Structures are given as C-alpha cells and as structure tokens.
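As written, the chain order gives the labels A, B, C and D, with residue 1 at the start of each chain.
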Amino acid sequence: MFFASDNSSPVPPQVIEALAVANAGYAMPYGRDPGMDRVREMIRDLFEAPEAAVYLVATGTTANALALATMCQPWQTVFCHTHAHIAEDECGAPEFYTNGAKLVLVGGDHGRMDPTALREAIDRTGAGGVHGVQRGCLSVTNVTEAGTVHTPDRIAELAGIARAAGLPVHLDGARFANAIVATGATPAEMTWRAGVDAVSFGGTKNGLMGVEAVIFFDPARAWEFELRRKRGGHLFSKHRYLSAQMEAYLADGLWLHLARQANLMAAWLAEGLSALPGVTLRHPVEANILFPEWDEGAHARLQATGAVYYPFPAPPGREAARLVTSWSTRAADVDGFLAALRG
Amino acid sequence: MFFASDNSSPVPPQVIEALAVANAGYAMPYGRDPGMDRVREMIRDLFEAPEAAVYLVATGTTANALALATMCQPWQTVFCHTHAHIAEDECGAPEFYTNGAKLVLVGGDHGRMDPTALREAIDRTGAGGVHGVQRGCLSVTNVTEAGTVHTPDRIAELAGIARAAGLPVHLDGARFANAIVATGATPAEMTWRAGVDAVSFGGTKNGLMGVEAVIFFDPARAWEFELRRKRGGHLFSKHRYLSAQMEAYLADGLWLHLARQANLMAAWLAEGLSALPGVTLRHPVEANILFPEWDEGAHARLQATGAVYYPFPAPPGREAARLVTSWSTRAADVDGFLAALRG
Amino acid sequence: MFFASDNSSPVPPQVIEALAVANAGYAMPYGRDPGMDRVREMIRDLFEAPEAAVYLVATGTTANALALATMCQPWQTVFCHTHAHIAEDECGAPEFYTNGAKLVLVGGDHGRMDPTALREAIDRTGAGGVHGVQRGCLSVTNVTEAGTVHTPDRIAELAGIARAAGLPVHLDGARFANAIVATGATPAEMTWRAGVDAVSFGGTKNGLMGVEAVIFFDPARAWEFELRRKRGGHLFSKHRYLSAQMEAYLADGLWLHLARQANLMAAWLAEGLSALPGVTLRHPVEANILFPEWDEGAHARLQATGAVYYPFPAPPGREAARLVTSWSTRAADVDGFLAALRG
Amino acid sequence: MFFASDNSSPVPPQVIEALAVANAGYAMPYGRDPGMDRVREMIRDLFEAPEAAVYLVATGTTANALALATMCQPWQTVFCHTHAHIAEDECGAPEFYTNGAKLVLVGGDHGRMDPTALREAIDRTGAGGVHGVQRGCLSVTNVTEAGTVHTPDRIAELAGIARAAGLPVHLDGARFANAIVATGATPAEMTWRAGVDAVSFGGTKNGLMGVEAVIFFDPARAWEFELRRKRGGHLFSKHRYLSAQMEAYLADGLWLHLARQANLMAAWLAEGLSALPGVTLRHPVEANILFPEWDEGAHARLQATGAVYYPFPAPPGREAARLVTSWSTRAADVDGFLAALRG
C-alpha cells in the first residue's frame, strides 16, 4: 500500500532485461551507441516528427532546466503555473541553468493555467522596456501537479496565447504517458500540433530507473542543447544504459501499458474514496494523483496498516493526503487502503 | 580489441544482478533508500573516515564540478594541471557550476603537476588585490590524463603547498581504483592523510553504468552540496539504482579486482609494445592508459584487424595512439593488438 | 512642471563645486582617495555605526543587487514586496548578481509589505527540504514604490519576523532621505536599531549625479562585497568623484534639505489635489511620490501647459498619473500644475 | 611627479565645465538625454560608421565585460593575450558577465599577441567536439598592457585569423586615444576596417571621470547589450552626466590633445631614461607606459623626492618600475624624475 510517489516504484522486468541485453560487448560512448539511433527513430515515429532532435538525460529536473535554458535568455521570463514543478520542486534549477531568468507565476484552478491570467501576465511583462525582464517562454505541465490533465485543445489555447506573443512553448511531460492515456490523444496532438516546441518526455515516474527524453521539434538549437547538457554534467559516457531503458519503454507500447495501470488504479481508488461518507477530493482525478480529504483519525488507521503516503495540510477536524498510483500499484493495494480508511 | 576508452566497456554481471536485487518493492527516493545507508558506511569504512559526507552522482563531470563549486567562490581560482580533465574535457562545467571561477593551469611532466610551478602559480594569484581573482582550491587528478599515477607522497607534497596557502584540496579520482592498485596505498593514505578534503571517487570508468561518489572528509558544507546537487538536476529520485551499483562495486573488493585487471592488461601491453622495434611510449605506463608511438603504416594494419582506439598527432613519419584498457580487456585482446602491430 | 521622476532633476550647485574642488592634483584610485576616508567616517557617524563597512557605487540597481548577492546564496530567496524595485525595475539584476536566487513576492497595501503575508511566505519557503529553494533574506524598501513610508517600528516588525527565521535584512533606501524627513527618525533608528543589516543609501534620486552608498553594519562580508563590486565592473578607478559628491551630500545636512524640499512640494501638491473635485489619491502621500486619479480630459490640459509626468492606467472615464517631486521642484511648478488641472 | 597610473589624474577643466552646462534643468533619464543623441552622432562620424550602436558606461571593466558577453556564449572562449587586462585585472568580470566563458591565453612579445600562437590556440579549441569549450571571440588590446601599440595592419592580421574561423573581434581600447596618436591611424582604420566588430572606447584613463563608450559596428545585438547593461546595474538614470563628459572629450579633438600630451611626455621620459647609464627599457615605449629597469638604489632616491609609481620585480642588483604618463603630466615632472634618478 505504497502511495507516496511514483518515483518509489520498482522498474518492470523488461527494463532490467534490456539492461542485461545492452550490456554485451563494447559500445561507443556519449550517445553514439546504436541503441540511441533506434531510440531517436522510435521517438520521431511516435511523435510523427521526422526532424526532431532527441536527447536522453537522467532526471526530470534536468530535462526541464536544460530545455528552458535553450528557450529562454537570462533576462527573460518563464511563464508557468504557480505550483509548477519547475517553480516549487527543483531548488531553482531553471534559474541556475538559464543564468537567472525569472519564473512568472500564473494562477489557475486545479493545477491548470488560466488562459486569461496567462494573457495578462504576458501583457504585463516587458511593458517597462529595458527596466523589466522580457518575455521568454511558456512552460505547461501535463499531467499537472494537481493530478489533472490538459487536453490538446487546452494546450493549444495556452500555446496559442504564447505564440501570438512570439514565445516558444515547453511541455513538462514528467507524466506525459499518464496524460496520453487519460486523453486518448496522440503524442503529436498533445505537442507540436498544439503548438509545443519542446517536450520533457518522462520515463522515470512511469517505470524507468532514471531516463527522460528531451525532444525539440525544431532542431535549430540542438547543438546548443548538446553543449549545455555536457556543461551541466548530464552527458552519460555509458549512454547505452539510458538508451536501452528508453527503448524497452517504447517497445510494444510498454510505456502506455504502465501508465494505463497507474491511471486505472487511481480511478478505482477515486471511485472507492468518493463512495465513502465524509471523503472528498480536492481536485478531479484524471490521471494517477489524488488529493483526498477525510475526517480526523484516518491517518492513524491507515498508517497502522502500513499505508505509505504524504499527509497534506487540512482544515480543523479534517485530514488530507496526496496519493500517487503507479504501474506497480495492484488492485489489492487499493482495496486495502479503502478498507483501512473505512475503519 | 577495444582500446578506445574504459567508458565503452560493459559492466560486470554483479552490477546487473545488484540492480535486479534492488528492484524489489518500493524504496524511499532521493537518497533515503537503505542501500545508500549501506554505501555510506562502506565508504566511510573504506576511507577510515567515520564522519565523511558521502553522495552519489551519475557522471564524473558532475562529481568534479559540484565538488569544486562547493570549495571555490566565483571570484576564485581552481589550480589544476594544464591537461586536467576539468580543464579540457568538461565543456566548462567547473566554470558553470562555480559561476565563473577561473582555472589556473599549472604545468608538469607526464600529467603530474610540478610542485614548483604550483607554488609559483599560487604566489602569483591574488597578488593584485581586488583587481585579480583570488586563490581558491587545488584539484589534483589520479590517475592523470597521461596515465601516470600520483603516489600519496606526491599528493601530500602538492596538497601541502595548497594548504600552506589556506586552500582546500580536491582529488579527481575518476580512475581512483587504478591509482590505488598501482600504488598499493590505502584510500585514506591517498586522500585525507595526504591532505585531500574532497574526492570524486569514480565508478563509471571501472565497471559501473554511471555512478561516482563525492566524499567530503569534513561534512561542514554537506548541506550546501546537497542543494547544489538538486539544483544541478543531479539528485536521482530512484536513487536506489545508484546505491545498488556502488554497493556491488565495493562488496568483496570488486572495485579492486576490476582495476587490477585493467592495470595488468596495460602492463602486458606496455611490455609487448616496448619489445617492438620502433615503438616508444610517451609517458610511463603506471595504470591503464598508454600513449605509444610507432612508424607510419601501423594504423592501417591495426584497423584492418578491427582494433578500436583513438589516434593521436605524431611527428612526420610516425603515428601515435591513446590506448585504454579496462576490467573487460582480455589477454587475447592484448596479444591480438601486438600481433597486428607487428604486422 | 517636471514631475516624471526625481532622476531627471539637475544636481544642486554644491555637487558641481565639490567635483571642481576634488579635481585638484592626483588622487589614489579605487576608493583609496582621502575623500572616501572622510565619507566613510561621515556615514559611520551619521548612522552611529563606528564599525560599519561603507562603499560607493554609481546606481541604485547596483547597490541593491550587490548587497543582496552578499546576503543571499544562489539557492535561496529574497523576500520582497510584489512591486518592489528589485522585482519590477531592475531587469533581473538581483537574479544575475546572486546567480539565480528567487524573489518571493509578498503582498501588502500601499507598497508596504504585510507582516502576516511575510510570515506565511517565510513559513512556506524551504518546507520541502532540498527540493525547494531555501530562505535567504528580506528586502524592505523605504520610501516604497507607492510613495508611502515605513516607520522604524514597521521596519522593526518586518525585520523581527525575518530575524526570527535567521534571515538578514536589507533596506533599499533609494529614497532614504525622503523617508528620514517624513518620519523624523534617525538613520540608526531606521536601520540597525530596527534590525537592518545592510542599506542601499541613495543619493542619485535626491540630487547626486549617480552615487549610492552600500552600508554593512557588520563588516564580516566586506571583502566579499569588494570582490563582487570589482567583478561586476562597479569599482571606479577615479573614485574621488564619487566620494566628492557623497561628501557634499552629507555636509551641512544638504541631503536632508534636498529631501525636505521634495517632500514639502509633494505635500503641497497633495493638498492642492485633494481640494479639487473629482481628484483622488490612490496611496497616502507620505514622501515625494503621488498617484492621483482624475476625470478624463485633464491629461490633455496638463500636457498643453508642458507638464511632464507618467500617465497610469485608470478605470473608464478616469485618468491616472504618477507624479514625483524632487529637490528642484518649485512652488510655482506645483501651482502651475494645479492650475492646469483645474482647467 | 606622479607616474603611478593615468587613472589618478584630474580631469581637464572642459569636463567640469561640461558638467556644469549639462546641469541646467530637467533631462530625460537612461540615455534618452539630447546629449547622448549628439554623442552617438559624433562617435558615428568619428568612426565613419553611420549605423553603429553606441553606448556609454562608467568603467573599462564594464565596457569590456558587457561587450564580450554579447559576443561570446557561456560555453565558448575569449582568445586574449596572456597579460590582457581582461585576464589579469578585472577579477573575473568577463567570466561573470559571460556566465563562465573561458579565457584562452595567447602569448606574444611586448604585450602583442603572436599571430601564429593565436592560430594554434584557435585550431586547438573545440577540436574535442562537445567535450571541450567552443571557439568564441578574439579580444585585442590597444594600447597593450606592455605599453606597445598595435598598428591597424597588425590588428587586421589578428582579426583576419579570427574571422577566418568565424569569430567576432573585440578591441579593448581603454587607451584607444593613445594608440591613435601613436599610429596616426583613423579610428575607422584601427577598428572596423581592420576587422573589429566591437570597441571599448576609453575615456577614463585619458581625462574623463569615468566614461567609456561601447561601439558595435553591427547593431544586430544592440538590444541584447541594452538589457545586459541594465541587468548589470550599468544603465545610469542621470545619464546626461556621462554624455556631457563624452561630448566634451570629443569636441574640438580634446581627446587627441590629451593623449598627445601623455604620449609626448612618455617619449621624453623614454629618451631621458635611455640616455642614462645602466637604465634599460623592457618594452618599446610607443604610447604612455614605460617599464624601465635600473641599478639598485634608485627607488630610494626617487621616493625621497616624492615620485609616485609602482615598483616591479627585478633581477638581483636591479630595480624595475612601471611608469604611466597622462594628459596632466608636465615636462617638469619628467625632468624632476630624471634628475632624481640620475642622483
């Protein structure tokens, strides 16, 4: 009954096997391994983007910060949601990699950026000429930190506002697979067809040991990205072990199978929670994260049964939690959690 | 017959097995996995340093750049060898992580820093008061880029010069295991007993997929390091897979077995090369890197047999190469190479 | 009738004379001029701070950014008002000089930071451990961007909240003189007695060509500041011309005379505006900045008479403006403006 | 008898007068003063560059560092002379403003970069692909730190090597006027006609209080420069006082008159020194800096007469000095110095 985070799950056996297979003999280092050639083509096919530049890094923070640094000058802004991962959970990595760009926080319910608020924030920015920071880029997150999902239309609306102001668009897809499963959209629909220029395509939260792809649909700044990656210490010499994981992830739709299980378990858990008296959900459950609230006392009952999750602040008399399901969550975990909660 | 680099070798089966074992169930993320607790203690024991702060990162560039940033202010210098990895092969990562510290290049034969040159460089630095950059720290490399080894006494001599000027000392130990095997020194003798404050303890070049430890003997700046690591994107959520590799590396002296094989193969190769007429070695072969020079024509012969290595510039009529052995180099590779060279 | 900004005014004749006097003969460069020795002592006396480290720079942005960089690590935050000059008008200079620290915006009416909001912002910051940026320092502005003034008590309240969390306190005193005149407080009461660690003590907006002092009451990080100043290009070789201006500014209370005239003209203007039907003031007028609002049509009338000021956005049917008085504003300017407004 | 530095001289009366004249009434801030419009046109005329972007800053370090940051990416290099001011005397300002670019030091006699050494340094740089820093720009200094002068031909030779490799060229002209006077070249011949893209056109060392122009012959990156200038704290609100100084400097060839006097005094001093037995000059005296060497004992004699200058290291039995003349050096100073030296 582990619901603390999808980054605490094991990896599926296919990933271990892929590492073992990739381990044979010598391989050229620094991304010149044949596995990377295959991964590049698989991702280009998947995104229907035959020209895309594709790179692998090991953490989501890296994928985001390097992509943003390539899209945003030091004296510019990144427009992002108030509670975006890049704003709250990366210890200032975007500021570090951009050499001090400013994150402009844009509000919106349930983790989704409000289009009107985005437009206003863009309008306000740079209006003071040389005295203020200048407009840089937009970063949208899918799945959001609130566990909600942006549809391609919603992304297109936000990206359209940015592009109308001349700004490139980044998608933080640490849970891209969960968003794809939730919406039924294709990767192309969710990204470049909706106006996205660069994607952090997550693998780690959905079953890899630590692999994320960064995809630029326009390869114009690919070389700059490569230099930034190396300079940041993120170019792996034994790169084949990143490639192997990503190849296994994409092969036979494994990435979608994994995300489907995570989302399914979240849906079951949401259904079960909703049926319990006194239990409410702060945000719509659209992917694999839930924010339930219940009456005081349940934390103790749950922890007594070994449930692991992060408690959240709640009003007096109530308790709240963040629950995350993953590819390895089993129905029995959900049932056990609900039973413990029921008391 | 692969002698291009030790970063192109596979990993030993123990590493794959360790990953499989570590893959069971859930594990706390971000270095709070029990495997990291074991690794920390193993490294403290190995270095006889019960208070040491120990961290894992995935690349050598990261280990070096983060360690240096913790030891050196932006307006200070890093004293290093003219051909140090941090100076020539990291695309400015030390400058990036330190926010612009200056690498002061110190010469010395065969990749080893000359003590007199170091003393002069330190004396010169900061003499202009506020107008020039200030003295920062010393970084020594062992094994050097020339394939030579610093003995503990030599490190102590260099570190002593630095410490007399109040400067902390970093050891880039990307091939630390090879240096230990070459000298017979203990890890403590090679580091803190010789005046070293922080070590990049390499695993990747000696058989891991991508794991390096950073060790601070004085834990005073450990929290700063943790923040810099996160901010740099180098804190792994599924950290257990780093821990598992390092644990397997240290268990039963595997790390020394691997390095012994690499060094042994280099010694055989050096012996064989020396016996060939017209073949010379630019630097003493003390670990697992060789810089042979031979008469024109051998490149073609070697490549025809499938030998892989990096050619080097050479005088007219001659050819040169850099050859690197690793834990996976077999005697047959050495024999085959020598046979092809013999022609 | 120039009310656009106090940075468009000329300098008083004493400043020109001081430059002429300082121009005799040779003077040691880089702050070693005897004038700087006198300035240092004058400022220490004025602030009753015999140990204070005192430096001169040429712009307010520099004074703020260098002071903040000395007080705040790259992975930390600067707590400041939502509309602080450092947040809106310095093109990211604080982010640049700190190497990417994050400005956390704290709300509050009329340009003054709300103590409760500050406490909440501090409580929120760093709560996520290594994943989020850490608490850095507090920056308070006096006079505020809204033209209001913090009393020493109000500064002490804000500083007390910061210091209880272990955070140092910076005061952006670009209009320090106007705040002193408005409150009747002594410089010591307004700063270190209220818990302030470092001050940007402005001269430029109050009659100098471009001179600001940075004062650290604890000189512990003075040398770091000197290196940062030089590295930022802000150490003047012919420093005597900065010293001479500041000396003239402080001599015989000139700085207070200048600020008194500015505040007096603002008070007269405020009184006149308040007496006009349909004219309102958005913020209390406590120093030398006014934010009046009036019925549509007045802009045209005012501009026809040659009045210069910045219009501000206003609701339909209304117009708004920012008016700034300075030492060189004459009563006739105020009367002329009011007459034109009256129509 | 002050020969310590040209930055210790007073300013000529024309500069004080210009400040007094510029002080009348209100002036638009931040470079929108009419004086700046005049200065821009004067500099464009002087350099025969009607499209040039022209900016004023207050220090030479700033002019250099901002120009270089606009010409060089963080992962690139600045090729400069081993003893260039940007390498030795700016406390790492270029590294700070470029966010960590690397200065590659190129040797050459008497402060002039050796063309062959430059070609080799460029060839070496970037050869390692993504692992090493990339070629950025060339920075040449005129007058050099050794007091020698580059002719337009010599600059064209160096610039030609850089441009053949696709690199832009910066000229550090802190003593540009002295170089112009020494060579008789026109400003255009010394800069864009010789392949220079951007110039730091110094005023401070040649008689201004603290004003340098930065000139870009191609205005493409002018807006970036403006943002970097503001973000660095180098945009003056009361900009008219910079403009006024520069205008006075350029009017009626004042800048050349000042430099002529400095160079003339240096030539006389050199002539006098050469005539003395046992006195040698380390570098040709071509502008206003001299590096004499003499027998032990003269320092004491000179200082007894009140001569002020910087002593330099010298071989046993000898003493050395750096002497700098300026616009305010009088023939009597030269005579007095020589008399004291003669003993």
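Side notes on the structure shown:
One rule holds for everything that comes next: a residue touches a chain if its C-beta (ideal position, glycine included) is under 8 Å from a C-beta of that chain, and two chains touch if they have at least 3 such contacts.
Heads up on the chains, UniProt names are A, B, C, D = L-threonine aldolase.
Being a predicted model, the structure only gives us computed values, none of them experimental.
Of all residue numbers used where subunit A (L-threonine aldolase) meets subunit B (L-threonine aldolase), over half belong to both copies. The two sides are thus made of the same residues. With centres defined by CA atoms alone, the chain at the far end from subunit C (L-threonine aldolase) is B.
Averaged Cα coordinates give subunit A (L-threonine aldolase) a centre that lies 42 Å from the centre of subunit C (L-threonine aldolase). As a whole-number value, the distance joining the C-alpha centres of subunit A (L-threonine aldolase) and subunit B (L-threonine aldolase) reads 34 Å. Here the CA centre of subunit A (L-threonine aldolase) is 51 Å from the CA centre of subunit D (L-threonine aldolase).
Across the assembly, subunit B (L-threonine aldolase) contributes residues 74-75, 90-92, 96, 99, 130-131, 227, 230-231, 235 that each touch 2 or more other chains. Taken in their complex, subunit A (L-threonine aldolase) has these residues touching subunit B (L-threonine aldolase): 2, 4-5, 7-11, 16, 19-20, 23-29, 57-62, 65-66, 90-93, 96-97, 204-205, 209-210, 227, 230-238, 241, 308, 328.
Across the complex, subunit B (L-threonine aldolase) is touched by residues 30, 73-75, 99, 130-131, 134, 224, 226-228, 230-231, 235 of subunit C (L-threonine aldolase). Interface residues of subunit B (L-threonine aldolase) facing subunit D (L-threonine aldolase) in the complex, by the touch rule stated above, are 74-75, 88-92, 95-96, 98-103, 128, 130-133.
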